[in-house]
Amino acid sequence: MIVDLHPTEDQRMIEESVRAFLADRLPVERLREPAHQGGAAEAAAWAELTALGLFGLGLDEARGGLGLGLAEEALVARALGLHLVSPSVVAQMIAPHLAPDDALRAALVAGETRAAFANRIGEAGGHLIDGAGASHAVLLAGGVALIGIDALGSPEPVDAIDETVRIARMLAAFPAAPRDAASDRALLLLAAYLTGIAQATRDMAVAYAITREQFGQPIGAFQAIKHMAADMATRAAAAEAQCFHAAVTFGRGLDDGIEAAAAALLAETAALANAGANIQIHGGMGFTAECDAHLYLKRAHLLASLAGGRRLHQRRLLGTAS
Amino acid sequence: MKIIESPELDAFRDECRAWLADNVPREKRPPEGPAMRDFDLAWQKRQYEGGWAGVSWPKDYGGRGLSVLEQLVWHEEYARAGAPPSGSMFVALSHAGPTLIVSGSKAQKARHLPTILRGEENWCQGFSEPGAGSDLAALKTRAVIDGDHLVVNGTKIWTSYGHLATWQELLVRTDPDLPRHKGISWVICDMRTPGIDIRPIKAMSGLTHFCQVFYDDVRIPLANVVGEVNGGWRVAMTTLGFERGTGTIAHQIELSNTVDRLIAAARDLPAADGRGRVIDDGAVVADLATLRAEVLALRSLTAASVSRGMREEVPGAEGNIVALWFGELSRRVHAAALDLLGPRGLERGGDHDWPLHYLEAYKWAIGGGTSEIRRNAIGERVLGLPKGPSAR
Amino acid sequence: MKIIESPELDAFRDECRAWLADNVPREKRPPEGPAMRDFDLAWQKRQYEGGWAGVSWPKDYGGRGLSVLEQLVWHEEYARAGAPPSGSMFVALSHAGPTLIVSGSKAQKARHLPTILRGEENWCQGFSEPGAGSDLAALKTRAVIDGDHLVVNGTKIWTSYGHLATWQELLVRTDPDLPRHKGISWVICDMRTPGIDIRPIKAMSGLTHFCQVFYDDVRIPLANVVGEVNGGWRVAMTTLGFERGTGTIAHQIELSNTVDRLIAAARDLPAADGRGRVIDDGAVVADLATLRAEVLALRSLTAASVSRGMREEVPGAEGNIVALWFGELSRRVHAAALDLLGPRGLERGGDHDWPLHYLEAYKWAIGGGTSEIRRNAIGERVLGLPKGPSAR
Amino acid sequence: MIVDLHPTEDQRMIEESVRAFLADRLPVERLREPAHQGGAAEAAAWAELTALGLFGLGLDEARGGLGLGLAEEALVARALGLHLVSPSVVAQMIAPHLAPDDALRAALVAGETRAAFANRIGEAGGHLIDGAGASHAVLLAGGVALIGIDALGSPEPVDAIDETVRIARMLAAFPAAPRDAASDRALLLLAAYLTGIAQATRDMAVAYAITREQFGQPIGAFQAIKHMAADMATRAAAAEAQCFHAAVTFGRGLDDGIEAAAAALLAETAALANAGANIQIHGGMGFTAECDAHLYLKRAHLLASLAGGRRLHQRRLLGTAS
């Protein structure tokens, strides 16, 4: 099988239109304002997000979607990661694939019914992420399931590492869902989002390294910084290549579970390492809340956790977990 | 290589332990702000009154005048007792005070050492600048002599507790025409002087410990210069010998406690897949065991550093090895915590706020010299490798 | 992003697979020396006779003249069939031949391309020098024009199979007064020319693949210069486009097979403490799973590189990312093998000589540009970071 | 407990006399000659090694030794590692501590009876290292035991990664020995030897980085190389500090097993990483058999294996192994 990883003209157009919209309406700086956090800015842009076709992108036309593939969805998810868009937008992309009937699916595609991520924490309930306005939860529980948000019990707000999302702790217990094609697809979109974080932090670090001077020259001229940036680029490239290779070959006879787990593992590693390196390259400034670098680090931890964590991916890669 | 022991040291240790057991504050230390500062000052006052302030500081100024061995024992017992971090007293106790002891005039010592030990006044540091972080000698804050005063203009950044301190140890450029390392003076700055504007900076952890400080025609008496005018670089460099490598013992023991806490959590928490405990995963064992070995090595590296410190007046560059090891290890320990605690570990608050400690841990590889700067120093000053053409 | 497929490509793939199944040598390839070279030449001859030599080389010179897609399919099926490495034919097939196709004269192509494809003559590379390893443009081997010949003096090192090759692609300095990258010429050198002295170098694995070559008034016809005299740097740089990123597919698949072999061994071998199998340790699972993900990424990075290669005439610096990933991963894979196989894994020989492969794996992060040089290239040429003051 | 890690005058003299002797009689270059490998050079210097007092160093005077401590033994073992002395010399230092009776102990201290390391490989026999001339084996089998070499069956020579030692495969099965004070002592000496390798490779890399020029300057001026060397120094310093801290406090109430396991883990890591980095810094030259860099790498693997391997140390550090 020959896999061409160069985006087609259509793919480029989709990605660029989404990126342009996000750069204009949901720039990362918005998160400095509490009023725009927790999915609020996304809610304000909901009609346009829906109009961009995000929520039916990979759904068959017969089922009310645009009939594109997982590769296109992954391109969009990566763009969402670049802009630290609320994870609920990714959940909304996944939800229509899980809808049990046409009416719910159509309402999800149309953005009228809204979904948010919830993840299961062992036997002990879980977290609901940016759930304001959502009636349904895309429950990440080993596999994935779409459930009514009422089934979550009464979520109670908690503070968590990423203060730019609103997290609620649920006390209801949920069964684990089995891994299946739908959960592999969901995992790939989370991996794509994490890849976006890895790339955004690489670019942010490079831009800073070119302008910031110490010892009379741009810090990017020093090998210590240059090689750190080169490693960031390499990790991001590996995550990107694996993510899109897995997406474009999805369902074509390879083991999608292993391919998706590899993408998630590499994307988690790249996002966390690059977000950390970005802070390091920004020095003292990177350590402050005034610099956006920390937003990526915190979101990377949240997304890595939603995706299930590296130990789960590792066990799946060797077939020692379901 | 030997164990240093004597009945006297044992007795001193027992004495430390007994006093600490009775006196370490039981109330929770406020995380930031004036309440935290007041807590720190009160705790210092209590130590002073108990006779434990400045174990190795000169007796004339309120210290105990004991040797580095007793100082070491005190640091160890202090940390083991879970006594609070010196926090907003740190610069006064571990940097400004020692600098005055080594380089201050009699009048400067008499004015400042007692108020530090009694917990009446605290200090902050004014070394880094926006354009001179890693490259301290590039500092630009200007001081011009005007009669018997210096007039200071410029800005300092990363000043810990600058908004909570009474005094500042301030490096300023008193002669811009001299080479970079010359022309710098070390000055005692009263933070209440007109013309000083203090802007707190929130860290990514949410805590506000740092400040940027702006100086607009700030007048400081020439009598506040420590050492010679234009001799500040030497003053700053010779300070470090005083602590003799003991300054990091509290952090070392704290990190060791964190690893123990993490191991306990791994034994206690159910595994993510519900089968057994987190520790049943060999990958968790490998990670935690490596961290345990590495904190033991941190303890051993600190002992080696103190062993050298007991023999050297001016510390060598080897201290960078301990600092590099600590900075990198600290970040790894806290990252491992988030990794193995799973989604619950991302919640803030709780008995031990893991995300807070994780986010704060980034500072050790950045503040006071990044890991990169430390590797340069190890390469050039410990190993004797040539300077790059760029690091002039 | 899409899957490229067509009935024609499928048919071509079936054809490759069928021929390889019948023709891949079953006998063990000799590890070194003339026996290995003869094996490599014979296998090349067999491919030529089967119509499989030079899938994308011009038909006029004995190739099949097909597109990069067929070349890719051939590389994939070749590696999957476990066909032998091109070994002592590698430079001829993957570097010298492509260079001649892009930059050689008609006469040069007619003379050399067919003898390569037919397995009659092989090539080695003469680029690196003792003082110009990472810094190729610093090469000093001198060539002076004397009538219609170049007279070469100097030395080259790290010449793979130099003692076993007929021809050499040789970079020499033809004008020492021009800037470093100018004044270099790319020359076809007959290894049998008088004045050439070849000294094999044993690698730490025990294999002797490298040589140092000494040139003492070696006369090479001016007609053997490829491209312009003093234009050799450009010739060397434009070569690389020909393979379009497919050149590493064999190594990628081999490394993937190694990881699979290692995972199989971990499932099979008893644990060191006698309880269960090696794979029952979660730390082993974590290590092996990470390596499996990383070889999958290597496959994906290679696909990305080929996707770019199909569209670019001159390859960009992104190839350094694949090379860096491969070099570092290769070493990690083999180190993991020694780690998890335990003391038995230190024994040489056996079905799969793990120590041999481990020791040889060091070359990928050193040869053809160290990992450090690759990181420079990624930083400067991919990311656009400024050059250091030193890397003039 | 205050631990002074500065060597005493006596300790410095012991170490210097051993180092001077080794530099003179057993320089690493000797290993380029097969005739000096496999403990042959050590056998030729046996009388002097004995006369230096190596084999009774840490033994009580009442038991025929010099009455010094584990710290002094560790200093010597580190010096042996610096010079890649045959592991049998370390075995000979350990053997007297294990001897069941005075006669054997005296013969071992006097160097008349010779010992070599053997290690147990699961249930399947093991390896004997540089056993020529030895009648006894210091068997590393979880714990440690001194056995007659006859009990090993008939060892059969095998080639192994380190061709400068002679390894024989034994087919006899041995029970695992329990961890005890003697095995912790033995482990610390192996850790000290590995620390020697970490330090020797650091020094070799630094010396090369100062003299070798590329791009018009010594390669040590480049941060990529400088920082690699700084990391080598840091790893070596950590291993050294832990090793000697554990040795000097041995038997003083801390958990010797955990301290020794930490030393072994850090020393293995430092030796392997530094030996690899030394090759990397030497570039193409480091990859050849003509440069001594590979000798350290191979010996590091052998010694790490003798010490039991990092996974064993890790389990001991957490008390999840005996």
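Per-chain numbering from 1; labels A, B, C and D assigned in written order.
The criterion applied here is as follows: a residue touches a chain if its C-beta (ideal position, glycine included) is under 8 Å from a C-beta of that chain, and two chains touch if they have at least 3 such contacts.
Because the structure is a prediction, the values reported are computed rather than measured.
Considering every other chain in turn, the ones in contact with both subunit A and subunit B prove to be C, D. Comparing chain pairs C-D and A-C by the number of C-beta pairs in contact, the larger count belongs to A-C. Our note on geometry: subunit C versus subunit D, Cα centroid distance of 38 Å, whole angstroms.
Mean C-alpha position of subunit B lies 38 Å from that of subunit D. If you average the Cα atoms of subunit A and of subunit D, the two centres end up 49 Å apart.
The set of subunit D residues touching two or more other chains comprises 217, 221-225, 227, 310-311, 314. For subunit B, the set of residues touching two or more other chains reads 281-283, 285-286, 372, 375-376, 388-390.
Chain contacts in this assembly form a complete graph, since each chain touches every other chain. Those residues of subunit C lying in contact with subunit B across their complex are 280-286, 388-390. Looking at the complex, you find that subunit C touches subunit D at residues 128, 131, 133-135, 138, 157-158, 201-204, 206, 210, 270, 272-274, 281, 283, 331, 335, 338-339, 342-344, 346-349, 355, 358-359, 362-363, 365-367, 370-372, 375-376, 388, 390-392. On subunit A, the positions that touch subunit C within their shared complex are 1-8, 11, 71, 202, 206, 209-210, 217-218, 220-223, 225-227, 229-231, 233-234, 237-242, 244-249, 252, 258-259, 261-262, 265-266, 310-311, 313-318, 320. Across the complex, subunit A is touched by residues 1-5, 9, 69, 72-73, 263, 279, 282, 285-286, 288-290, 292-294, 296-301, 303-304, 307-308, 310-311, 318, 321, 324-325, 372, 374-376, 378-380, 382-389 of subunit C.
By the touch rule above, subunit A contacts subunit D in their complex via residues 222-224, 227.
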